[in-house]
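Across the two complexes that follow, chain A remains constant while its partner is chain B and subsequently chain C.
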Partner chain A sequence: MEFQSLSVFSPKKVRDALRQGRLEMALGPFSMRLQGADKSLTSFLLDVYRDAPVRLCLEDVTDVTIHVRAPNFLRKYIRRQVIPDPGFIVPAVPLPPTLAPLALEMGLNLSVALKCCRFTTFHAAVVGSDKGCILISANSGGGKSTLASALMEEGYRLFSDEFGLLDHGNTVLHPYPRPVSLKGQSIQIVKNFAGVEWMSKTLSGTPKGDIAYRRARASDIASANQPLPAKLILFPSFQEGATSTTKEISKPEALMKLIPSSTNYHLLGEPAFTSLVRMVSGARAYEITYGSTAESLRITTELAEGTDL
Partner chain B sequence: MAAGPYSERTVWAANKEDTLLQSLDDVTVAFHKTSGDTHILNFLSTAIINVLTEGAETFSSARPKILSKIQMSSEDCSDAIIVATFLELDDVGLISPQAGRQ
Partner chain C sequence: MISERLKIIAGQAPLPTDMLTRAELIEFADAHHVLGQMAVAWHGRVKGKLVEVFENAILRTEFDHRMLEFELNRLERALGGSDITPVVLKGGAYVATNIKASYGRRVSDLDILVPVVQLAETEKLLRHYGWENDAATDNAYDQNYYRKYMHELSPLRHVKRKSILDVHHALVPKTSRVRIQTEKMIESAVLIEDRKLKTFEAVDVFIHAAVHAFADGSFDTPTRSLLELNYLLQDLDVEQQGRLGFRARTLGAEMPIATALWMLSTTMADLHAKEILESEKLKPANCLVRWALIRKLEHAEGLAMAKFMLFIRSHYLRMPYTLLAAHLLRKIFRKGLALKAKGFRTES
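Now for the complex of A and B:
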């Protein structure tokens, strides 16, 4: 069965396939089998993943399997809760069924972070032009998702808002264009420039406060099999009201800053080291401090122009 | 990881199978396979590892080779600096004293 855009299927077919665990989605280098019975999950997928290629029939072994399910028998019926089950044991905070979409996204992130050995994975946002990528590495709250969303408005392709997937063979970054996860004030900021039609409903009361997702565009998904080399590596830091600063850092320093953001560098060892050195060799790296999204966008676009991106 | 104390007779070696070296800008980065750690090496550390990769040496026999590699005299690069660097490299496992040869 061929993959088709999720939007071509009726909600009932999607819901049935999700319940029976036979919804297979292909995004970039990963195929994902999704399962869950909650209405909120079906609605979320139909909205936020509407352009993602899926088939409602499990024909292959998939890279990732996520079952959004109750943590135990009791919580399936009484004071219902859900957790993401990626097929291996991970600590997961049980969530109310209305937050099943968050459980799904958390489960997908955990699976890629902990199971993927084909690529060196970095916790980073990545966007690309037709010449190369910008890899944005920041701690939570550093503004990488907001900046990635802003760069999308400037015409950059969304590669990923969570992962840099570094290929060991040719040192390119692979797209994995899942929706951009936005928290707190970033939700309204991105709504303002992307438009409300590109945003999911806001999930309130999550362990991380309010969360909403900015949908990947059909063009991002259509080009998800076109990896590109990193040309620019950014380490942004948001400080309320700060004067903007830009500082180029050496390649070895960039290397050492990226290693802690990798979820599998020490597991993979030699191929991760070799490919990371190659990636850093071919890119320029900067630390930027900024006080607003407009400033981070201005700095980044200037640096991108200087890097021929 | 340091096994000290050491003497002038201690024979040091670097296992090239265990360490990957790559040049990056004007430094060398090293990946130590056993620990999984990555290190940035200055030119002296790189020279020490390169000399000890070519063959096990005592400090005294390695010193002139190291100075030759970095093109410095013993006045410019004192024994104290080289010894301190030996010990730092030993600490992180990039070089080690040879068993039974101290």
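Now for the complex of A and C:
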């Protein structure tokens, strides 16, 4: 059976496949087997992943398996809770069943970060034009998801708002277009420019406050098997009301800033180092400070033009 | 049935054709830390996503092996000026000697064995070079317990690298019901090529793995242990296989060896194991224990009961009743305190 977008299947079929753990989703280089019985999970997938290619009968093994399930027998029935089970032990906070989508997203992120070591993975948002990628490396709250969403409006492809996936062979970045995760104030900001129809329902009361997702577009997903080299590496920092600054940094400095954001650099050793050096050598790197999304977008598009993106 | 699973993991039976079953098998292998070994066993014989899944697993174990090689090097340095040539045990030895049991194997902690007369000096040198008591057992009760009753020092953690080193002076606790003649095994240990470290001779390597699985502890890594025993037995030549029974009797390891051979022949249809078991007339653990071992391996019905039985057995093997009672009380009490400190938070 060929992969088809999730939206062609009836909710009942999707729910059944999820219950039995035979929903296989493919995005970029990764395939994922998803399992879970919560209604919130089914409706989240049908909404946010509507354009993602899936099969409802498993036809191969997958890179990642996530079972969103109760943490123990008791919590399946009384004061129900869910956790993501990626097949290895993770320090997951049990969540109420309404937050099953969050459990799924957390589980997927953990699995990619810890299991998929045929790429050097690092925590970053990545968008691409037809010539190359912009890699945005920042800590949580640094504004990379908001900036990535803003760049999507400017016509950039969404690669990922969570992972840079660096190929050791030809030093390209692979797209992994899962939805963009937005927190707190950035939800409203992105809603304003992307339009409410592109946003998921807001999940409130999560351990990280309010969270909403901006769907990847069908075009992002359709081009998910076209990797590109990084051309521009940005280290943004958002400071309320700050005047904007742009500072080009040296390649070794950029390398040293990227290494700590990698989830498997230490594990891979030499191939990770070599590919990161090659990636940084082929790109220009900047530290940028800004006080608003409009400013960050202005700086980034300017830099992108200067780098022939 | 997991007996079949074990053979598939070892590359000795075909992969399940049903994809859900196959996916679950891969997840099982991953959860039991044998996916790397499975990847090696199936190298070049799979296609599709499995190629990539196996590639990930191999990269993961290559990291383990690199780290372990580094630890071995630091250990050699620490003991460099002394007369001490420790015997590297288990995974560490497999990796250092590059035998089949090491291919794709996950390894983390390093285990070494020194003669009891060299224990004090070994400890002194290691402490000098940065190994310290691991926080989990760095308390008066545990320290006293290890010194008085155990066959090893409490785990040592390196202050910088955070790696764990277990220093043994025997293979089973001092109070153990199964008495293994560790000194004889140390005597016939051999130098590892290009290293200032030793390993047991091949027959003893198998014997130790069997002792570890069936005469110490509660068979906590069943899949891994059996795969390991399977590979170690395959590495023995005819002469070595012929010596196995006699050697086991000499060392006092008849029960664990017989149990290991019985498990291999029952679950993996290992013909060599069956042959040795029959020709040597070795006696495995009793049928109740064997039932529990199979249940624990197969995750089959009665698993909880089997686990409980093996838990009790591990303590029965390890210490006399009076000591056991005192120790368990202490453990329960401590667990209670720990739960209280956590505010009875339940997380799985």
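Methods note: the second predicted complex is superposed on the first by the 309 of 309 C-alpha atoms of A that agree within 3 Å, B and C clash if a C-alpha of one lies under 4 Å from a C-alpha of the other, contacts with A are read in each partner's own complex, and residues count from 1 in each chain.
We take it that contacts are C-beta pairs under 8 Å (C-beta built on N, C-alpha and C of every residue); 3 or more make two chains touch, one makes a residue touch a chain.
Since this is a predicted model, take the numbers as computed values, not measurements.
Taken together in the superposed arrangement on chain A, chain B and chain C fit without clashing. Legend: residue contacts after superposition of the two complexes on their common chain; A:Pro94 is shown touching chain C, with no touch to chain B. In the superposition on chain A, A:Ile259 makes contact with chain B only, while chain C stays out of contact range. Of the two partner chains, chain B is the only one that A:Lys251 touches; chain C does not reach it.
More residues of chain A are touched by C (comparison of chain B with chain C).
Once the two complexes are laid over each other on the shared chain, residue contacts for A:Gly269 go to chain B and to chain C alike. After superposition on chain A, the vertex angle at the CA centre of chain A, spanning the CA centres of chain B and chain C, is 60 degrees to the nearest 10.
Residue contacts after overlaying the shared chain place A:Gly21 against chain C, while chain B stays out of touching range.
Of the two partner chains placed around the shared chain by superposition, chain B is the only one that A:Val277 touches, whereas chain C remains out of contact. Figure legend note: chain B and chain C, brought together by superposition on chain A, show a least Cα distance of 6 Å. In the superposition on chain A, the residues of chain A touched by chain B in one structure and by chain C in the other are 266, 269.
Those residues of chain C whose C-beta lies close enough to touch chain A in the complex are 19-20, 22-23, 26-27, 30-31, 48-50, 52-53, 55-56, 59-60, 63, 66, 346-348.
Every residue of chain A that touches chain C in the complex is listed here, in rising order: 20-22, 29, 31, 33, 57-63, 65, 71-72, 83, 87-88, 94, 115-118, 266-269.
Against chain A, in their complex, chain B makes its touches with residues 20, 22, 24-25, 27, 29, 31, 33, 36, 38, 40. Interface residues of chain A, counted against chain B in their complex, comprise 250-252, 255-256, 259, 266, 269-270, 273-274, 277, 280-281.
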